[in-house]
Structure formats: C-alpha cells, structure tokens
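Take a look at these structures.
You will see subunit A twice below: alongside subunit B first, and alongside subunit C after that.
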Partner chain A sequence: MIPPHRQRTTISAVSTVVVALALVAVMAATARDTTVAPRSWNHIGVGETGTIRDLSLTVTDARATGTLDLHGTPFTSSAALVVVQADVAATVDATYLGQVWLTTSDGRRYDPRDEWTSAQPPIPAQPGFTVTGSWVFEVPPDGLDGAELVVDNDGAEFDWYDVGLRVRLGLDDGAIEQQMLPLPEGSVRVTS
Partner chain B sequence: MTVSSGRAPRSAVTRTAARLRRLPLLVWVGALVIVLVGLTAALGGFAPAPDRGRPVEVGEEILLHRWRVHIDGAQLLDDTYENQARDPRIRLTVRLEFVGQESECCLNDGMLEVRYAGRTADHPNVAYIEPRRTGGFDPDVPTTQHFDFYLKTEDPLATPPDSVEVVVRDERPNRSPLWKSWVVSHAVASVQVPCPDERRRR
Partner chain C sequence: MSEAAVGRRRRQGWAALCASAILFSLGVGLDQSQAIRQFRDPPVTATLTTGERQVVDGVAYEMTSLIHARALPADEGSRDRYPGGMVSAMAGAELVLVVLTVERLDPARDPEMVFCTVTLEDSAGRRWVTDGTVDYVVARPPGISCVGGPEEPAKLGESFEVGWVFQVPAEVVDDLRVRARLSGGEGTYQLEFRPR
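Presenting the complex of A and B:
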C-alpha cells in the first residue's frame, strides 16, 4: 500500500510532466518559421529613394518586355522580362547587393536572371560611389500586377530583426513591350 | 443407480474453448501479429516497391511536388576527336516548369535517371544551349533544358540502344527547423524515349 503523501507526490510529478509536454506541443505548433528572419519594410515607389542599414537605393525605371538583347543575341521569353534600373549608394561599408529579388502579389519570389549579370549594378558598391545598373527578372505575365523589388541588407553571421526595402514597380497594367531592349553594362560614378 | 456429480459433462469444444480462454494475453497478441504479418506477406505487401513509377508517353506531363516535367526526347552523342578517349553521352531534352514559390537554382540531383541495356546513368550535367546560358528556374515560367548523361565508358557502343528508359523521381520536404530543403524520393514515372544515334564519332 502506497502511503497517501507518496501518492500525492507521484500525481504532482506526473501532472507537471503532462503540463510541460502540452506546453512544448503548443509552442511547437504555434512557433514562427525559424528559417526566415523577421523584417519590417520601408515601402517606396519608382523615383523615390529608400535607405536601409547598408545602402540607399532609387529605382529609376521599371519596364516589362518580351525580348531583350543578350550580348547581341535576341532573347525572347514566353513570360515577361522585367527590367529594373536602379542607382545604389553604399551608406557605411562596401555592399555586395546579394539580397535583391522581385516578389509578386501572391508571394512568389524571383531572383535576377544571371544572363544579364554584366548589366547589374557593379559590386561591391563602395561608400562615396553610386553604382547604376539593371536587374532582369523573368516573371509570368500574371505576376506583373503588384510586383515589387525587394532589397535587403547583405547577410551577416547572425540574421535577426532588420529593415528592408520594398519598391512598388508600377507594372500593374500588365503591359509587355514588344520591342527589343538593349541593356548597357552597369556603371559607377562618384556620389555628388 | 447412478449418482450425479451436479456438473454437466463437457464436450471437447467446450474444453478447448476453456483452455484458450486461459491463455495469457501475450500469446493472443503474438498470434494476432503473426496472422497480420502472414496476411500482408500473402497479399504482396513486403515485395519491393516498383522502382520505375507509372509508364507515360514521350511529351506527356509528369506532375511532381514542385515541378511539371515533360520528357521530350533523347539523343546519343559523342563529340570527341580521334586522339581523345571516347566520351559518349545521352542528351535528354526536358521541358520543366517550377511550380514552387521561390526561384530554384537547379533540378535536384537524382531526379532524372537514364536506363539502357541494363545500365544506369544519373547525375547529369546541364548543357546550356543558346540563348539561355544559365540554369535557374523561376516559378511558373516554363523552360526547356538539356541534360547530358555521360555513360562513363570507352566502349564504342557497337549496338547503341534504340531507346532509353527515363525514370523521373519526386521530392519530399526535409522539415528541418533551421533550413528548408527538398530531398529526392520515390520514382513517379518512367518514359521509354527513342534515342537516335547522332554521334559524330562512332
């Protein structure tokens, strides 16, 4: 026969374990996605300048076309080739612009196409200089409405709360130009 | 005169039932497991899963977790010169549409496999053909890519295969709390693809 005080101790220990397991289960079920660092966003439009920790950026033009010049060869896509031209100035340290993508209104994310790397703003962008160039994204036509350029600070050893830029590209009418666009190479100038 | 003992005589069935009722629970559970395993084996449940998926036609859509795949064709190629070691390869032409949420650099290694004449070739190189010079798959943007499966043989393939079997595998998410990734899983479909011999050097 187990004495009453031992029974109470056992019940108490078992209850504690059950409550702890329930808490762990609830925390696991409601935890945020730990693979994505939390962000708050500065929202700007074409022609406006936004500044975050590493850089200051102005999108000067955004166009959608069906055909682009690829080193003298026409490159025609069944989708839309979105050309985003921008000026970028490093604010403190050199920045590599490694966190640039286009996002659609339904959350799909597009990386810049590597075929036009030479047209992109030259990296690293150094303090005291402004780099100018274009990123090209290949996006289905239904992704133009609400498309935004997203620019984040370069990744660090630890990624935690930070502020990024979201630039509304103004392609909401879904219009795709038909003429072939030449893309000049990216350039650097001294910031005035 | 017969004196009754007060108990009805028991039949053999009743005695057997009584003995069964006295068996320990563990014996019942063991018997149940043996019966279930036997049934599963008898119905073919332990046979190795087919490693080729369902057969589909050339050009037919194969829908995977993150991709729409069409196997459009194959060629046997060898562009090496006389003073080089032979390096025959099978080039697959594949239409791919990535249906995930974020641009993906490449098709997961091991999703495509070529089988011919009892051999298997996998881990292909991507053959970049103008004008698309890089990989990279954007969500809902269909592209055509060419994959070279090197046969890793100096055998001049005196009797090249008329066709090859292409096995397409799906992926499943690796649910790590630290990073997202997808790993190759089971075979979903197999396509018997004509493979014309277009080697420059035979």
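Presenting the complex of A and C:
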C-alpha cells in the first residue's frame, strides 16, 4: 500500500513531466522558421523615401523592358528585364547594399542580374554621400503584377528582429517596353 | 510539519528553481549580446592626440599625421593618370590621409597577426571607411597594414608608417576623430586619435 503523500508526489511529478512534454510539443509545432530572421516592413512606392537602420532609399523610376544595352550590345530577353533606378544614402555607417532583391506577388525572389554591376549604385555608400544607380532583374512577364523591390540592412554576425523596406514598383499592368533601354553608370555625389 | 506546509515548501522550491533557470538564461543571453557588441565595437582603450604613443597588447601605436585636402599627390605608379599628378576629391568632398606609426615591442606577439582597422568618425557618430577609388592611388607610406610592408612583416622593434585614405564631405573635415580597432593579440581593443 503506497502512503498518500507518496501518491501525491508521484502524481505531481508525472503531471510536471506531462505538462513539460506538452509545452515542448506546442513550442515545436508553433516554432517560427529559424532560417528567416523576423522582419517588419516599411511599405513605400516609387518616388517616396523610406529609411531603415543603415540607409535611406528612394526609387526614382521602375520600368520593364525586353532589351537592354549591355556595354554597347543589345541584350534581349524573352522574360521581362525590370530596371529599378534608386538614390541611396547611408545613415550612420557605410552600407554595402548586399540585401537587395525583387519579389513577385507569388513570393518568388529574384536577385539583381550581375551583367550590369557598373550601373548599380556604387558601394559602399558612405554617410554624407548619395549613390545613384539601377538594379536589373529578369522576371517572368506574369511576375510584374505586384512586383516589389525589397531592401534590407546589411547582414551582421547576429541577425534578429529588424525593419526592412518594400517598394511597390507599380508595374501591375504588365506592360513591357520594346525599345532598348540604356543603362548609365552608377554615380556618387555629396549631399550631407 | 503539516501537509499544507510541506506542499507550500514544495511549491516555493519549484518557484525558486524556475526563477533561477530564468535568471541564468537571461544572464547568458546578456553576456552573449555584450560579447557580440564588444567584438563589433570594442570600448575605447585610450584617447590620444597626434604624436602620442600607446602600447596595446605588445604593439605601440601613434598617429603621425592626419592631412585633409581637396587633392593629394598620386603615388608614383598612378601619377600619369591624374592631372598635375594630383588625385582630387569629388565636388563638395575632401580627401583625408591618416598615417599611423606602428612598432611591435613584445617578442611574444606573432608578427603576422597585428591587425588594425581604421575608420573616421564625426561628433554625430557617423563613420567612414577607406574609399577604394582613392585609397590605392594616393601617395602613402610604404607600410600596407599594421603587419608591415608588402613583402614581409616588420621586425621586432622596427617602427614603420602605414596610411589610409578616406573621402568625406568637406563640411566634416574639422570634426573628425580616428578610430583604430586592434586585434590579433589577446583581445580586441580600440584606440581613438584626435588630431591637434
């Protein structure tokens, strides 16, 4: 015969284990995706300026074309070449603009094409200077509707909650220009 | 002791255990975040002015000069590419050449592990890194890093100069201090140099 106080101790211990296991199960089931750092987003449009920790950015123009000038030679794509022109100013530290991509309304992500690196805003962008240039993305024509430029702060040793920028590019009509677009080189000027 | 008292004691014991676990976790988290912050931006070990010398981790550092100008002489290999042999800053900006004198004093310090990263900072806390478009074409001392020359590390007790070139808005040139982040030895340190 087990004494009553022993029974209570056993029940208490078993309950604790059950509650702990239930807690672990709930945490496992509801855990966030740890491969993606938590973000909240500042939503802006073309012509508007958004500021996050490392930088201040204004998209001055966004166009979709089928042909671009690649160092004097036409570069034609059966997809849409989205040219996003922007001004970027660093806020406190030099920024390397390493976290820039285009996202479509179905969640697909496109990194800038690297054939036009010289047209991109020169890096690093340093405080007191504004860098101007264009990123070029190649996306399926049906990806233009709802396309956004996403800009995040430069990565660090430890990535946690942060605020990023999402710029609605206004290409929702899906129109692709037919004429060849030139891409001037990126430039820097003092703005302080 | 009554059963009620035993139950209360047990609950208090559990509460104390949970509180200790939470405090321990918070302590570990705080320690980790401080370690990361200190690694990225270590506290300033000493504030010096031009010509003052400080020994850190067996290596002596001194800011020999900080020169700012609209244009600085190009180095020998680049002189032909610049009008009048001078490298100019862009409109509204100035070039800043920072020269440090470095001397390894402690034989225990690995000569190939004397690292320094130099930045400029204004009183508003804005920071500048070297400008790659001018850093390699302006005439500088022969040292290429705090290790020493391009061929081999500096010898023990042999002082040498090393320089860095920045481009900053002209309006901040009189409001600049130099931060040198030093590593490769026992710890990570930061020296601040204020020009005279």
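Side notes on the structure shown:
Here, the second predicted complex is superposed on the first by the 171 of 192 C-alpha atoms of A that agree within 3 Å, B and C clash if a C-alpha of one lies under 4 Å from a C-alpha of the other, contacts with A are read in each partner's own complex, and residues count from 1 in each chain.
The working rule: a contact is a pair of C-beta atoms (placed from the backbone, for glycine too) under 8 Å apart; a residue touches a chain by one contact, two chains touch by 3 or more.
The structure presented is a predicted model; accordingly, all values stated were derived computationally and were not measured.
With the C-alpha superposition on subunit A as described, subunit C and subunit B fit side by side in the combined arrangement.
Judged by the touch definition given at the top, the superposed model places A:Glu138 against subunit B, while subunit C stays out of reach.
In the superposed pair of complexes, A:Pro74 makes contact with subunit B only, with no contact to subunit C. Once the two complexes are overlaid on the shared chain, A:Arg109 sits against subunit B while remaining clear of subunit C. With both structures placed on the common chain, the touch criterion links A:Pro3 to neither subunit B nor subunit C. After superposition on the shared chain, subunit A has more residues touched by B, the comparison being subunit B against subunit C. Once the two complexes are overlaid on the shared chain, A:Arg189 sits against subunit C while remaining clear of subunit B. Once you line the two complexes up on chain A, you'll see the smallest CA to CA distance from subunit B to subunit C is 18 Å. Of the residues of subunit A, not a single one touches subunit B in one of the two structures and subunit C in the other. Remark: subunit B residues 101-103, 130-134, 136, 138-142, 177-180 touch subunit A in the complex. Subunit A meets subunit B in the complex at residues 34-35, 70, 73-75, 77-79, 101, 107-111, 113-115, 137-140, 143.
Chain contact summary for the complex, subunit A toward subunit C: residues 5, 12, 92-94, 124, 126-129, 156-158, 188-190, 192.
Against subunit A, the residues of subunit C that register as touching in their complex are 3, 6, 10, 33, 36, 39-40, 90-93, 125-129, 131, 167-172.
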